[in-house]
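Next up: the structures, one after another.
Note that subunit A is present in both complexes that follow, paired respectively with subunit B and with subunit C.
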Partner chain A sequence: MSAKQYGMLIDTTRCVGCQTCVVSCKINYQVPEEAYWSSVETIGSEVMYQPTGKYPHPVLAFRPRLCNHCTDPVCVKNCPTGAMHKDENGIVSVSQEVCIGCQYCVWVCPYNAPKLDTVQNVMSKCTFCQGRTTKGEKPYCVESCPAEARIFGLISDPHSEISRLISAKHAQPLLPHFGTVPSVYYV
Partner chain B sequence: MKKLTTSKTFKDAKITRRTFLKGVGAITVTGSLGMAGVLGGNTRQVKATEDAPIKYIHSCCTVNCTSRCHLKGHVQDGRIVAVTPGLLPGRDDYPNACLRAMSYAQRLQDPTQRVLYPMKRVGERGEGKYEQITWDEAFDLIAAKLTETKEKYGSHAASFFTMSGNLAKLAWESTTRLGATFGGTTYSTEGLMGDHGASMGMNLVFGQARGGHDTRDYMNSKLILLWGRNVADTHTSELRYIIKARENGAKVVMIDPRQCSNAAVADQWIPIRPQTDPALALGMMNYMISRDLHDVAWLKANSCAPLLVRNDDGQYLRLNGSYAVWDEKSKSIVPAGTAGVDPALSGEYVAADGVKCHPSFVDLAKEASKYTIAVTAEICGLEEEVVEQLAYEYATMKPAGIRMGQGMQRVYNSFAPFRTVATLAAVAGYIGVSGGGASHMGGTSSINPIPGVTVPDFNFAEWSNTGDAPFIEKKSSQLYNMIENDEVKFLWIAVSNFINQSPDANRVIQDILPKVPFIVNVDPFWTWTAKYADLVLPGKTHWEVWDLLVRSPWVMLDQPAIETMGESKSDCEICSGVAKRIELGHLWDKTDEEWIRTFMTSEHPAFAAFDWDKWVQEGIFTRSDGIFDPVYAFKDQKYKTLTGKFEFYTEKLKQFGQEVPSYTRMLEDPQGDLGKKFPLVCINYHDRLNVHSQHMLYPALRIVSSEPEVQINTVDAEARGIAHGDKVKVFNDRGYCILKAFITEGIAPGITAIANGWTPEQYIEGNHQNLTHLTINPVEEFISQTNSAFYDVLVEIEKA
Partner chain C sequence: MAEINLSLIVFTLLIGLCTGTFIFYGLWQFSGIPSEETSPKSSHRVMLLLLIFLGVALLASATHLGKTFRFLNAFRNPGSMIAQEGIWSIALGVILLIAFFLTFKGQKVPKVLYAVGGLVSCGLLLVCSLVYVRALGFPAWSNGVTIVYYFGSAALLGVAVVYALSVQHAEKAAGKMMASVALTAVFVQIVVTLAFALHLQFGVMYVNLPSTVVLDILRWGIGLLAPAIIAYLAWLGKIKGKSAAWSFLTCVIVGEVFSRLIFFMQGVHL
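And then the complex of A and B:
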């Protein structure tokens, strides 16, 4: 783990699938065209909002997805130009003026996180709202969640609130077997 | 380290405009609507640069969900680029800004969506052909039409109709006030728009239309029933407290024909059939009463239960003008409220004049007794075990709170659901008890009365003065009839997409509106309604005007955050412009800002610290008498009913056989004759991405929902050979719509659902309001007015 690593804890037992997180990111960053930097999935279902199981006892549950800002990011490893990089806060970012839009990063990412900006033909992605968080503000998706399902913080600090809650709630990362050491944890 | 450039590139003006243009494809706005000139460059080009500073301008979201959120607009180069939650002083836990608020701020800055200039119809109504005229021409035209109407038919023949599209003070009230100053006809709007059943039900039992528990009070609940109330989508600011209460150990049960968003964070989903909520509540009451699980002491002390009712006419027995009870101690009939008595809840007694009488609770218990677990389960379409478990848990997991929602009252006999469910809470003794209640919307007045202070808190005196003209207010339920009877010669529609949000659109378009000689529509957007108006005037939204919204203990300010779109004006400015031409200018001689400044000149001590400049900067003023701890209604057990008690027995409804809460079958009964032809119930619920028609299909929301869909259970779909995503026709004798099928296990068989708010351009064909009806209900007209039974609708579905 880098000296400093920001991460997120998402409590899916609080999620109602409203996608306010997705829309706040899309609108507030004016992400162009069809691209969204984050998403929500209906757990166990291929169709959004379609529950699993059978009436009268179907199960409806949701899981928000975003870039996992991995400690060992395969997108960075496989980027031929060096556009994809990991910064001193552990945030994985793309330098668009360097990126050639080859999309290797998408193909290797277990989370399908980088998104093609179809206007400029370069990659774009979740920045963990570093422009906001460096000012002490929460990421848009955290601040806008009406269920308060998300916590953002320093997972590299074992005494931080997020580290304490990850431990207390036995939160787990998604798809850890890909070995990228993701920084987003789920309850 | 290389510098990230995302913020720069994504704020390129061209990209923004491309996105806008792309979004327009689904909406039939054409050059004839006045867009071409705009896109040709009449509107200032949006060009935000990375260096332009962000300034923050606050606003209150004034669309009609229930939350009224304080929003923080991030404004760059005169454009709102982001929206985040605004602070709520005293409540650090409470700020909220949902996806609707964010997308609305974008939609209103999209010139292709907006009405930009006064537009006069040149084609046929509905055809969408308009020509741009000047404001002077528009005002002169309206003035001429109003004068002509008044001279020929009397001023009352001009109607001024609003719904709830903008709930800020000036926006919501200006049109009604113009009607009042002119002597025109105005409308109490809740009936037609379908929220009035809740108010009627509340009024019957509580004596007031609203009242409930602060959502935080559910931290004291063992069980929470969300009864027809999808808090997650329709009162979003409260969701977090439901979740916290659940994590605190309360069981959360969602009662809804659909497995709605809130069901995802509930412990149980109870898929009740539409309109059968009163039956479920009566079944639960019967379960409690027959097992002595009801709260006898509470009923005796705080409800009408012991009050004696005459056997002969069903009216309350009076003793020298007082209500009366049977005292078990003295074995005599004594005036209600006599100290030291032990009133009976059962039995039959004989009054002095020989009239037989009985406690009103006898009638309630008798009505409830029809609803055994088996009968209730059959009616509601539930498993018997589910009904019994619910009844048992509600009676024993004390206290249990109920949050009621309008979802259960868009039915025929719409007063019954809230009335009956609240009575259930009373039988359990949960009314006025922390953690309990049967709440309609959130919270109660969160200010402290200051002893001895009699001055009004706001200075509304001048605004309230509407001059000498008679004030005429009619029931909105009668609007269609009045128009058909030639009583409406001029119709002004504002803050309302009237056609899209009223029942039976085919009737409205083919039979109702053609009888109105002249229709004015004020709206920021090109709605379905606008296309049937003779004159469409460009209104403004809450991000563009001076206005205020009172949400005790806060007063929130709307102020212009962006440059004027086209030549749009606020509702108040438009009304003022007309008023000046019909000799009413003396009642409309202030600018919007002057009105707001006047309203805030209060001598009330709670406003002592008010400072205009601070208010403009922060967008919110907090009264010094604010209460920030959770409050709940009826703690004092005082009710504004005739009996002064929680009144489940309504003597004036004896003539209709509705003296106690009861269940009646649907008007359009799937098990009746109509059900043979149209076997499926079709409800139009309120969804996550919109409040009514105001947010539909802003491009950023396409990921949430990109087109209308009809939700249908797998068994009903299979029986009709329908696969997920198929194009289907939903129809009945009134009309049809064509849209995609969404097959789900999350809706009860026999029930279908289409989200409210979608407009015809977004359907493949038609609209769900082609399926609905306005059927005047005599009992509701007697109580107050008919509530549109949007969910009391039968349809058939076939592949299209």
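And then the complex of A and C:
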């Protein structure tokens, strides 16, 4: 595990499902064709924007999804080429010049996070906006969210704002039983 | 549903054929049934055939990569099961080459080489199955049953090939015995197929798997029941050895192709 670990807290009670984060990521990184590094799903439904529950208590809630930059990333362990790697900030990214496009990282990732770049035929994925965050800026998805549903920060620092909020709001990661120790938490 | 990837169907089928045949061909040699004159001649052809199977399997595997010509990069992380597949395949290839050259010179393949090759074949089958077991994103595959599924399939394919080879040399002694071995291998594969079906039915959570009823019927009819009937009738002596063995082999190969189609169709990501 890297000493430093960036992470994200997403408040699904604030998310309005506008997908601004999805678009800002897609445009800023010119993510090709069908690939999306960031997405939003409707909680409890496979159909986007379809409410669940029964009248008079319908529920319409959204959950943004992205790579969890796991502390114990199975994608890194199982990548045959070492193209998938975790850096000193805990960010998991792919070296496209090494990747052979076997897509095994997609198979092993319980979150379906890596996406095939169908133009280059190699893997691509969320970088936690490495170029911005290492300069102290926020990731595009955090910066652009009109509902301020996302918070980014150092989860390895117990005194950081994000760490305090994670514990105060009892935030949980997705599918923790897979043991990858995700760094994205949800309320 | 996972993309039905033809390269992976070819790869898994040929690896099953290659490893299964090597293991059961070795066991057949250990049994002492092949006669002195037929053994080296037959072994030479078999080793060539297995080398071709392995070579085509590896080519098929390389073609499924987005960057085929970077395939050597796949050995950079030996802990990865994909790299392990390559390493064990190369080891089996070396053993097959040694056996091929020995038989080319008219020598018999030493039993120790069959034993080592058999172990390497099991190792290759294990790492190939672990590729799927470790695929946490696909609950249908990520289970220990997949290991049994791999071994059961290779055993059935191997027995079917050796059955066809044994009757080729008109070894009467082998006929009845091989029919009973074939029947046992089908029985084992029926149990494995049922175990896999139970896992799909009760062990897979979080995803909706597609229905594969038509393929299941074809798989059971052509790949399991027909070979069972053929082997049984051959064991009773009601079908001639050669036609029984060849129809058994054909049904098994077709059945195993259907089995793989079903397997890959169940590849629904979380």
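We take it that the second predicted complex is superposed on the first by the 184 of 187 C-alpha atoms of A that agree within 3 Å, B and C clash if a C-alpha of one lies under 4 Å from a C-alpha of the other, contacts with A are read in each partner's own complex, and residues count from 1 in each chain.
Basically, a contact is a pair of C-beta atoms (placed from the backbone, for glycine too) under 8 Å apart; a residue touches a chain by one contact, two chains touch by 3 or more.
Here the structure is a predicted model, which is why all the values come from computation and not from measurement.
Undergrad: Just from the overlay, do subunit B and subunit C fit on subunit A, or is there a clash?
TA: Pair status: fit.
Undergrad: Which partner does A:Val108 reach: the first (subunit B), the second (subunit C), both, or neither?
TA: Second partner only.
Undergrad: Is A:Lys4 contacted by the first partner subunit B, the second partner subunit C, both or neither?
TA: Neither partner.
Undergrad: Examine A:Leu116 and indicate which partner it touches, taking first as subunit B and second as subunit C; both and neither are also allowed.
TA: Only subunit C is touched by A:Leu116; subunit B is not.
Undergrad: Once the structures are superposed on A, label A:Arg63 by its partner contacts, choosing first (subunit B), second (subunit C), both or neither.
TA: neither
Undergrad: Applying the document's definition of touch, where does A:Val98 land relative to subunit B and subunit C: first, second, both, or neither?
TA: both
Undergrad: What is the contact status of A:Arg164 with respect to subunit B (first) and subunit C (second): first, second, both, or neither?
TA: neither
Undergrad: Between the C-alpha centres of subunit B and subunit C, what angle is opened at the C-alpha centre of subunit A, expressed to the nearest 10°?
TA: One gets 130 degrees for this angle.
Undergrad: In the superposed arrangement, which partner chain does A:Cys79 touch: subunit B (first), subunit C (second), both, or neither?
TA: So A:Cys79 only meets subunit C here.
Undergrad: Going by the touch definition up top, name the partner, subunit B or subunit C, that contacts more of subunit A.
TA: Comparing subunit B with subunit C, the partner touching more subunit A residues is B.
Undergrad: Just how close are subunit B and subunit C at their nearest CA atoms in the overlay, in Å?
TA: It comes out at 14 Å between the closest C-alpha atoms.
Undergrad: Where on subunit A do the contacts from subunit B and from subunit C line up?
TA: Looking at subunit A, the two contact sets intersect at 98, 120.
Undergrad: Within the complex, which stretch of subunit A touches subunit C?
TA: 74, 77-83, 98-104, 106-112, 116, 120-122, 175, 178
Undergrad: Please output the residues of subunit C touching subunit A within their complex, sorted ascending.
TA: 64-67, 70-71, 73-77, 79-83, 86, 131, 134-138, 269-270
Undergrad: Sort out for me which residues of subunit A touch subunit B in the complex.
TA: 13-20, 22-24, 26-33, 36, 39, 47, 49-56, 58, 60-62, 85, 87-88, 93-98, 117, 119-120, 124, 127, 130-131, 140, 143-144, 146-148
Undergrad: Quick check on the complex: what are the subunit B residues that touch subunit A?
TA: Residue list for subunit B touching subunit A: 1-7, 9-12, 15-16, 18-19, 22, 74, 81-85, 96-99, 102-103, 105-106, 232-233, 236-237, 239-240, 243, 259, 261-265, 269, 271, 382-383, 386, 688, 700-701, 703-704, 713-715, 724, 742-749.
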